[in-house]
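Each of the next two complexes has subunit A plus one more chain, namely subunit B in the first and subunit C in the second.
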Partner chain A sequence: MAKELLKGNVAIAEAAIRAGCQAYFGYPITPQTELLEHMSKRMPELGRTFLQAESEVAAVNMVYGAASAGVRVMTSSSSPGISLMQEGLSYIAGSEVPAVFVDVMRGGPGLGNIQPSQSDYNQVTKTAGHGDYRPIVLAPSTIQEAIDLMVLSFDLAEKYRTIVFMVLDGAIGQMMEPAELPPMRELPTERPSWALTGKGNRDKNIVTSIRLGAQPLADFNDILQEKLAVIEKNELRYDELYTDDAELVIVAYGTAARVAHTAVKHLREENIPVGLFRPITLWPFPYQQLGELADRVSTFLSVEMNAGQMIHDVRESVGRQAEIEFLGRPGGIIPLPEEIEEKVRDMWRQKNLAAQIN
Partner chain B sequence: MTTANIPLKLTRKDFVSDQTVRWCPGCGDYSILAQIQKTLPDIGYKKEDIVFISGIGCSSRFPYYMDTYGIHSIHGRAPTLASGLAITNPNLSVWVITGDGDGLSIGGNHFIHTMRRNINLNVVLFNNRIYGLTKGQYSPTSRTGAKTKSSPMGSIEQPVNPVALALSSGATFVSRSLDAHTKHLGETLAKAAAHKGTSFVEVFQNCVIFNPNEWGPLEDRRQRDDHIIYLEHGKPMVFGKNHDKGIRLNGFMPEVVQLGDEFSVDDLIVHDETSKQLAYTLSSLEYPDFPAFMGVLYQEEKPTYTEVLMDQIHTAQETKGVGDLNTLYRSADLWTVA
Partner chain C sequence: METSIIIAGFGGQGVLFAGQLLTYAGMDQGQHVTWIPSYGPEMRGGTANCTVIISDEEIGAPTVARPDVAIVLNLPSFEKYEPLVKPGGVLIVNTSLVSEQSERTDITIVEVPANQIAKDFGSAKMANMAALGALLAKRPLFSLDDLLQTLHDHLPKRKHHLLEANKLVLQHGYEVGMGTAVPA
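Moving on, here comes the complex of A and B:
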């Protein structure tokens, strides 16, 4: 298929449809609404389910219901809406049904604003609801990558019977870029064996997050942790640019990584040996890979569109001996390449100065 | 007596804030804002005792434009903030400004419970049957079949009837008006303010950008009187520009009749705003199948939640005396741990 000029939200919706999304439940919220609107147009004409819920609370639980029946299902929202979904997310995780969530992040806390932000890093990577679990979190930085990760989201959700989040900021949701959509996949003809499909002659299936008694719940949590360990091992995704000879590495994802990429190219022209490490999975986080980079790089810069959320995972990856600085813009502001370049030049000067003194 | 002690007569201007009003040109919200600002000087409250609380949506920008206290709160939750405030400070005039999206979607649950508690507050719901702030998706009051950005083939949902929901939830004051009829709107708001307990005012509001034709002739000064019945307590239900039409009961079924040879004013329903049965019947008659009812559908004098709460506290104090935390703490079962 040829490349088309696609708007992020629309491209994501269409990619989900082509990946075989059978049901969509959502609620309008800027900057995500075009995704819902595309679903409202396309799902009925394909004989699939679209419902505009009365709230995000309703939407997440509609997802829970459809997922329990083994239907390939998703919802999408933006930061305050994702906050509303926390209860349902935890129940879905406790029930081990696959479900896909798209979060087109905006500035917070509270109502905040509708500007592009990475305000939900903590909210989505550090459980997304109560209890000991983690959703898989995918963070695209281009519309093409968003399309590809959207398709992957459904595969991972079903493979691990888990929640998969794709998080992007409002800029990727709203902008247009040339990208190629995948071909339409066949819908599954059978429901998964664990799904609630009517008992018939088989054994009874129960989908629940209730495990009364300390031991049964402890046992379930052990199983959940084993599953998360497998995901951590198998599903790490990240990208490295100019890190081979880098002496200073920027860590950034999503739109922040795009801006950082521009800055890195400019800085390389000035012969500053800077590289870019871009996590694609925010959970599992590439702790080990970033840690290995820290064996030969001692200076890191975390660039985020928030007040510093991923930086704690960067710190955990690279250890105490590395120097980490932060450049972030909360409130829905995208940092400019020049700001990053200025920061890196300054860090590079300090580093050389320190080397001379030593 | 010094001049400082003479209460100043408030005017509309006293309630106009220094903020630039940011609604689309031609939005019905401007009219509602103007009428509320006109009504407030006469409701018998000091400016500093008036609070406007909103949720999320175009209507919810309201508190910025009022020179009163205000809270721009959470989607659908304004009635809960207002309840908390009105109970703990019963001397305030508390106004909830909401819309069909905010008040009836995510806020539907809170709406019901606010209506049934009869806390002393006023709920004004701007109904334009569309989500305006997110640019045109169907709302809980959108007609079945409404084509919007999220219902391109037409909405397949049954709309909520706000006045019927308020009534069945136990509201003690249920009314309706419309943005374009400023005089009627002002009068209705004044009645809502005067009511003790929860007052509900549905305002038909015109979203000129995303749902401009929703109210059709109701918004047209030249045509509207043929499509509106102005309810007045104790008056027969006559309507029409020439006062030549009315509503009568045919058995249990209301019907529109032409006044003349067959029917006279004596055959028409006489509005009784204290009759819940009549209010239920009227609330079920929806425009455009019937002319739109405007005015007070129902009003009931009932103790407010706060009054009953205070009664309970007084009763408890009369029977057990005024409480003392230290005594209470030491009166419960205590264990001495060696």
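Moving on, here comes the complex of A and C:
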């Protein structure tokens, strides 16, 4: 298939359809609405389910229901909508059913605004609801990557019977870039063996998040933690640019990583040995890989479109010895390459100055 | 080589489409391209703008502080972007709606009566095309023929009856940019 000029939100919706999404439930919210809009047109065309719920709370519970029945299902929203879905997310996690969520993040807190932001990092990577669990969180930085990760989201959700979040900021949702869509996948002909499909002659299936006894719930938590450990081992994804000989490394994802990429290119022209480390999975976070980088790099800069959320994971990765600085733009502002360049030049000067004094 | 272009004007002036046309043309020429609209509160004030980047390398940041080219179709856009064009850059001004003049000497300025040209060929809605024509005269990102081909290839079929008029407006805008235009 040839490359087409695609808008992020539309590309994601179409990629989900081609990945075999059978049901979509959602509620409109900027800057994600084109995704829902595309679904509203395409899903009925294909004889699949599209339903605009009366709220995000209803939408997430419809997702829970469809997932429990073994249907390949997703929803999408933006930050305040994702906040409303927290209870349902936790129930889905407690029931171990696969479900895919897309969060096109906007500025917060509160109703905030509709501009691009990475304000939900903590919310989606740390739990995304009450209780001990973590969704897999994928963060694309181009429209092609958003398409590819959308397809992967369904595969991972089903493989681990878990929640997969794809998070992007409004800029990737709204922008257009040439990209190639995958071929249309055939829909599964059978439901998974654990799904609620009407008992018939088989053994009873139970999908629930209620485990009233303390010990049964503790046991379930152990199983969940074991599963998370497997995901942590198998599903790490990240990208590196010029880190081989870097003495200073920028850590960034999504649109912030694109801006950092431009800055790194410019700074390399000035012979400043700077590299870019880009987590693609925000959970599992590449703690170990970033930590190994810290064995030979002592200076890091976390660039985020928020007031400093991923920086704590960067700190945990690189240890107390490394120096970490932060450049962030909360409130829906995309940082400029020039800001990052200025910051890195300053850090590079300080680093050289310190080396001279020592 | 990377060129950043901001196109700005009132909603309804075809700002977003003009940007998409440049983006398609860049893509058709095998270049890397990005297009990003402003979709924030400024939209609610009736102005619209988009940023297009055309590059022979992978594109990082999709937005810029200072563009190489600004096409300003109304006065608020002139006021906002005229000071921001990079030295050595190009400013295309729609003089049908912008009465102010730029005093900058470090950029190339092309004054195009875009609404008037478009109206002369049938509809003021084609003002965006007059401005694009003028841009190609000063910054040949691709040839006028290539852009016309792109317009033909990507304009929805149901709008193909407008191709001929759009072509004439583009051509005339181009001649204004070249300084060879005779009044229509």
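Definition applied: the second predicted complex is superposed on the first by the 358 of 358 C-alpha atoms of A that agree within 3 Å, B and C clash if a C-alpha of one lies under 4 Å from a C-alpha of the other, contacts with A are read in each partner's own complex, and residues count from 1 in each chain.
Here is the rule we use: contacts are C-beta pairs under 8 Å (C-beta built on N, C-alpha and C of every residue); 3 or more make two chains touch, one makes a residue touch a chain.
None of these values were measured; they are calculated from a predicted model.
When the two complexes are superposed, the chain touching more residues of subunit A, out of subunit B and subunit C, is C.
Legend: residue contacts after superposition of the two complexes on their common chain; A:Leu111 is shown touching subunit B, with no touch to subunit C. In the superposed model, A:Ile324 makes contact with neither subunit B nor subunit C. Contact with subunit B, but none with subunit C, is seen for A:Pro80 once the two complexes are overlaid on the shared chain.
In the superposition on chain A, A:Ile29 makes contact with subunit B only, while subunit C stays out of contact range.
After overlaying the two complexes on the shared chain, residue contacts for A:Ser40 are found with subunit B alone; subunit C is out of touch. Once the two complexes are laid over each other on the shared chain, residue contacts for A:Val57 go to subunit B alone; subunit C is not touched. In the superposition on chain A, A:Met347 contacts neither subunit B nor subunit C.
Once both structures are placed on chain A, subunit A residues 30 are touched by subunit B and, in the other complex, by subunit C. Contact residues on subunit A toward subunit C in their complex (touch as defined above): 3, 5, 30-31, 113-115, 170-171, 174-178, 255, 258-263, 265, 332, 334, 336-338. Those residues of subunit C lying in contact with subunit A across their complex are 20, 23-24, 27, 32-37, 39-41, 58-65. Contact residues on subunit B toward subunit A in their complex (touch as defined above): 56, 72, 74-76, 105-106, 108, 131, 133-135, 137-138, 140, 149-153. By the touch criterion given at the top, residues 27-30, 33, 36-37, 40-41, 44, 52, 54-57, 80, 84, 110-111 of subunit A touch subunit B in their complex.
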